[in-house]
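Some structures to go through are shown next.
Both complexes shown next keep chain A, but they swap its partner, so chain B is in the first and chain C is in the second.
Moving on, here comes the complex of A and B:
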């Protein structure tokens, strides 16, 4: 077979394969959930890659970080640059791989891990896995995260070829799927998902009986890996238990985390006994009756934590650095605009409707 | 060349057919599950306001029968998709979760000593007395295990947990649905 014949034979085949791959990619993008309304949490992971300047502090963990801390407040309070790589029900192995992923892009001085998710030592839910991992860029870290996170019914390949998972959504496609086919609006400011509404805590349910109070082996293993990862990259790991008062944080868990931190030379800060010192009032500072802080509570917790990080850990005030300050001024403007918009919605409707930081904001 | 193109086309079509078949198979499986009978909780049923019900009963008829709740607490669910709906009643908390579009009772919590289980177990009682009452249940399918003061009785999908303090006094009683975590 001559070269010409070979080209004649293989070129159309290659073109077909490229077209097939393009079709699979396009349909995958189309059918993949966009998370631009309703459940916004699924859009958070990908936003990290749009950051323009590095951060001294990276938070990892579940909703107790991305709802309870505001990086903008930490900037305004002490010039601390921070980002929250949080996702809904982020399990500890996901925290590990998201942190590993973050270290590919920057070298934070402090890593803050919220220990609430250590109650889970096994994969829990595909929906939350998808929200945490679909937005990760393709990397060894993503593959590791997928492998560690999958529930029994999941296939790793569908995280790489979304069409395999979402093809059945073709019947449910909405205008949102077309509008956000190739772009997304931001849903957070530096990883903080703002909620300016208020739903006071009135009465918490009875504390569920803990059948097995021991924190699982897998959690300890990954906590060790997070610590080792931080040490490898010269970052200091701080463990926290954020201010949320529900789900209940058990004394048994507190004892185990405290003992681990002491044994491994880690700082552990439990914000629950500090509520009065911070000034958190669960009649005004929560939007869902005690599960998460609203903007007002998050700002109080963040101001407190920023002062602590500046004083006890010597984090630098970057407000004098023009390049960094310019980036954060932009974030502050987005934050203020978002707050204004939320307040307008609350005034108009009495509740928050689903919307993002994009141009479609009301 | 045409053979190769035909092969690629067939492969693409087969892929799409496979995707469609998988979707239909998932739908069929869901439909089959819907047709299954409600789980049986056997002796781990509960009675409140003279209404008998139990774990994984449909919530709507239960709540209609036992009366209006005093209040409601909603939180993101740890064990199910969506939210936990916890309804407060006098002496009782009822947890409800939506599973495949239907609301089910997934938790019953006794909150004071005014309410007792059908076997007569109540908060404040001595655990030995409670265990003697539970031992009267004659059903081989009922299993019991103890872990650091928590006595777990399981029957099918229903789990009754009784917690006692170091003095042997019962401090909490809860019925829940067995989840993968359990």
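Moving on, here comes the complex of A and C:
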């Protein structure tokens, strides 16, 4: 075969392969859920990469961090810059890899980990895995997170080539999929997912019997890894148990976490006994009867935590730093606008219609 | 390692790359290593049985081969030539007996493993029901593709015994022939004589072969993932509840199963032949558009050809020409001439189809299925003179397109009906379901939304329907013009377009990944 023949043979084939790859990429982007309405949690992980200024505090954990703490309040209260890399049902290995990923971009002074998710020591749900990991940029951390998180039915390659996972979604494509093909709106403010509605806790739910009180081996292994990672990057790790009424936080778990923290020289703050001191009232400060705090509860908890971080950990007040302040002013404006929009919606419908996928109140 | 798994695709990609990068003389050894890896992924216990079969076949082949060589060289030697004729005959017979003994032992070992691992529970359950015994079933491993590789080694041994092929002295070469991974899963059951030249040869990269192979692989995935696996939930639902889904549903189930089985089996064979083709290895076709057959005998010459020819060559022909059967036939002819003449063929046909049924599975539904095939073939044979007379009397009618379509549809529906035994896996249930097609009705019910309760949406039906239509059109093209890929190859850009288009069709419309059951190829279980 002459060189000319070789080129004639291989060039069109290579071109076809490139076109195929481009089509696969495009179709993957099109069919991948955009999470711009209804379930917004899936859009949170990717938002982190749009941050303009670094943060002193990084939160990692499940919904108890992204619903219960407001970085804007912490800024307003003590000039603390923080970001919440939380996702729905974020398992501890996902927290570890999301933190590892965050350390590629910045060097926070404090890392706050909410221990609630340590009740899970095995992969749980593909849907939550997707919401936590699809938005991660391709990196060794993402590959590690995928490998650690996969349930039995999943394949790692489908996290790299989304079309392999979402190929059957072409039947349910909506306008949203086309609108957000190459861009996304922000759904959080520095990782905080705002809910301004109120659904008071009426009675304490019954506490199920704890079958296996021991926290799983995998959780301890990853907690150790998180601590080692923080030490490697010069960050201080604080363990917290955020405010909530349910699911129940068992004494057995509390004992194990306290013992671990004491043994490994970590600070552990349980917000549950501090709720009165913070001023959290579950008749007004929750949007789902005690599972999560709403905006009002989150602001109280955040103000308290910001003062604590400033006083006990000596975190710097950045409000005098013009570049950082400008970025946070933007965030504050976005926060206030979002709050206004939700208040208007509440006034008009009596509930947050945008959170119910366009359906009537659930 | 499922053919439809990402792991298999990665395995193939790596194999293709390394295969053409290493020195050519090592290519067949690489294939053997790939076989071991592929088989080990299905479990090391199965690998042990495969190794035993390889070892036995290699040893027996070698012993028989050596015996032939010794016989030839002795008879050609002055010492051999000096022997009187009678003594020569005795000497030859002795060697022949020795080879027969070796062959029998090897067949007993190879088929014994197959029989023990595949049919012990069938035997136990029959003993239990016949004698009201309570023997416990066994939980033995069933090595992947055991029916396929055992039949390949049996054909090798008999061919060596018949001097059709020379025995292979290299153990590793016998191992590669027995375990060549694309064939291992669902055939075709290949013969040593057909494969040896191409399997151990040195292959240079050939763009056309590579291109054809890749297209064939993708076409196989299209059939399997877009058609077969999409129809699978409906077939499972329809066959899983025969009391609920009878009447029209039973017929619909049989039609769906016909499409699913064809797409599944031929899809798997397309992948097999495509993989071999990319590696430069030629494997014989196993299907020639069987649904275009005009009678059952033709159907079986077009469907699973390698199995059909295997049974024909190693069971039907030897049995129908067996001296004992001939003797019996002679005896019968003295009283009933016509029957006596046909008896060897009839008996051989029944035995062949009984074994064919049993090969498909250790269950009575397969046996009955096999015997019914035999009965229909024999009835057709009996009616042949009548049919010939009819053709002669009405040449215009029987030569018309409409009559041809009628014959094709008749054959297709008969095969669909027989396949109900495979679908329901229970003889009485299958007959009941078949009867219900004519008695239970339910046509209105079937087409007023009930089909949407079988696990398929309207879109699933549309995709499967379009997939079947595409398969049909390709088959028509093949029937008229031969290889479609050759047709495309003559056009300047088409071969390049087909590859990405097929790939995208499979990727977008395939039933795979989370939310779909990763189903084995149906013929894997055999």
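Going forward, the second predicted complex is superposed on the first by the 352 of 362 C-alpha atoms of A that agree within 3 Å, B and C clash if a C-alpha of one lies under 4 Å from a C-alpha of the other, contacts with A are read in each partner's own complex, and residues count from 1 in each chain.
Please note the rule applied: a contact is a pair of C-beta atoms (placed from the backbone, for glycine too) under 8 Å apart; a residue touches a chain by one contact, two chains touch by 3 or more.
Quick caveat: nothing in here was measured; it's all calculated off a predicted structure.
Visitor: Just to be sure I read the superposition right, which of the two partners does A:209 touch: chain B = first, chain C = second, or both, or neither?
Guide: First partner only.
Visitor: Identify the partner contact of A:154: answer first if only chain B is touched, second if only chain C is, both if each is, neither if none is.
Guide: Only chain C; A:154 stays clear of chain B.
Visitor: Between chain B and chain C, whom does A:310 touch in the aligned arrangement: first, second, both, or neither?
Guide: Neither: A:310 stays clear of chain B and chain C.
Visitor: Have a look at where A:291 lands relative to chain B and chain C in the superposition and call it first, second, both or neither.
Guide: Touch status of A:291: first partner only.
Visitor: For A:168 in the superposed arrangement: first (chain B), second (chain C), both or neither?
Guide: A:168 sits against chain B and chain C alike.
Visitor: Between chain B (first) and chain C (second), which, if any, makes contact with A:20: first, second, both or neither?
Guide: In the superposed model, A:20 contacts both chain B and chain C.
Visitor: Give one of first, second, both or neither to describe whether A:343 is in contact with chain B, with chain C, with both, or with none.
Guide: After superposition on chain A, A:343 lies in contact with neither partner.
Visitor: One more residue to check, A:9. First (chain B), second (chain C), both or neither?
Guide: Both partners.
Visitor: Which chain makes contact with more of the residues of chain A, chain B or else chain C?
Guide: Tallying touched residues of chain A, the top partner is B.
Visitor: Residue by residue on chain A, keep only those touching chain B in one complex and chain C in the other, then list them.
Guide: Comparing the two interfaces on chain A, one with chain B and one with chain C, the shared residues are 9, 12-13, 16-17, 20, 163-164, 167-168.
Visitor: Can you name the residues of chain B that touch chain A in the complex?
Guide: So the residues of chain B touching chain A come out as 1, 4-5, 8, 12, 19-20, 22-23, 26, 71, 73-76, 78, 81, 86, 88, 93, 95, 107, 109, 111, 147-148, 150, 152, 161, 163, 172, 174, 176, 180-182.
Visitor: Enumerate the contact residues on chain A facing chain B in the complex.
Guide: 8-9, 12-13, 16-17, 20, 63, 88-89, 119-120, 122, 124-125, 127, 163-164, 167-168, 202-213, 246-247, 288-289, 291
Visitor: Taking the touch rule as given, give the residues of chain C at its contact with chain A in the complex, in rising order.
Guide: Listed in rising order, the residues of chain C that touch chain A are 6, 207, 211, 457, 459, 493, 496-497, 499-500, 503-504, 507-516.
Visitor: Going by the contact rule at the top, pick out the chain A residues touching chain C in the complex.
Guide: Within the complex, chain A contacts chain C at residues 9, 12-13, 15-17, 19-20, 23-24, 27, 126, 153-155, 157-158, 163-165, 167-168, 170-171.
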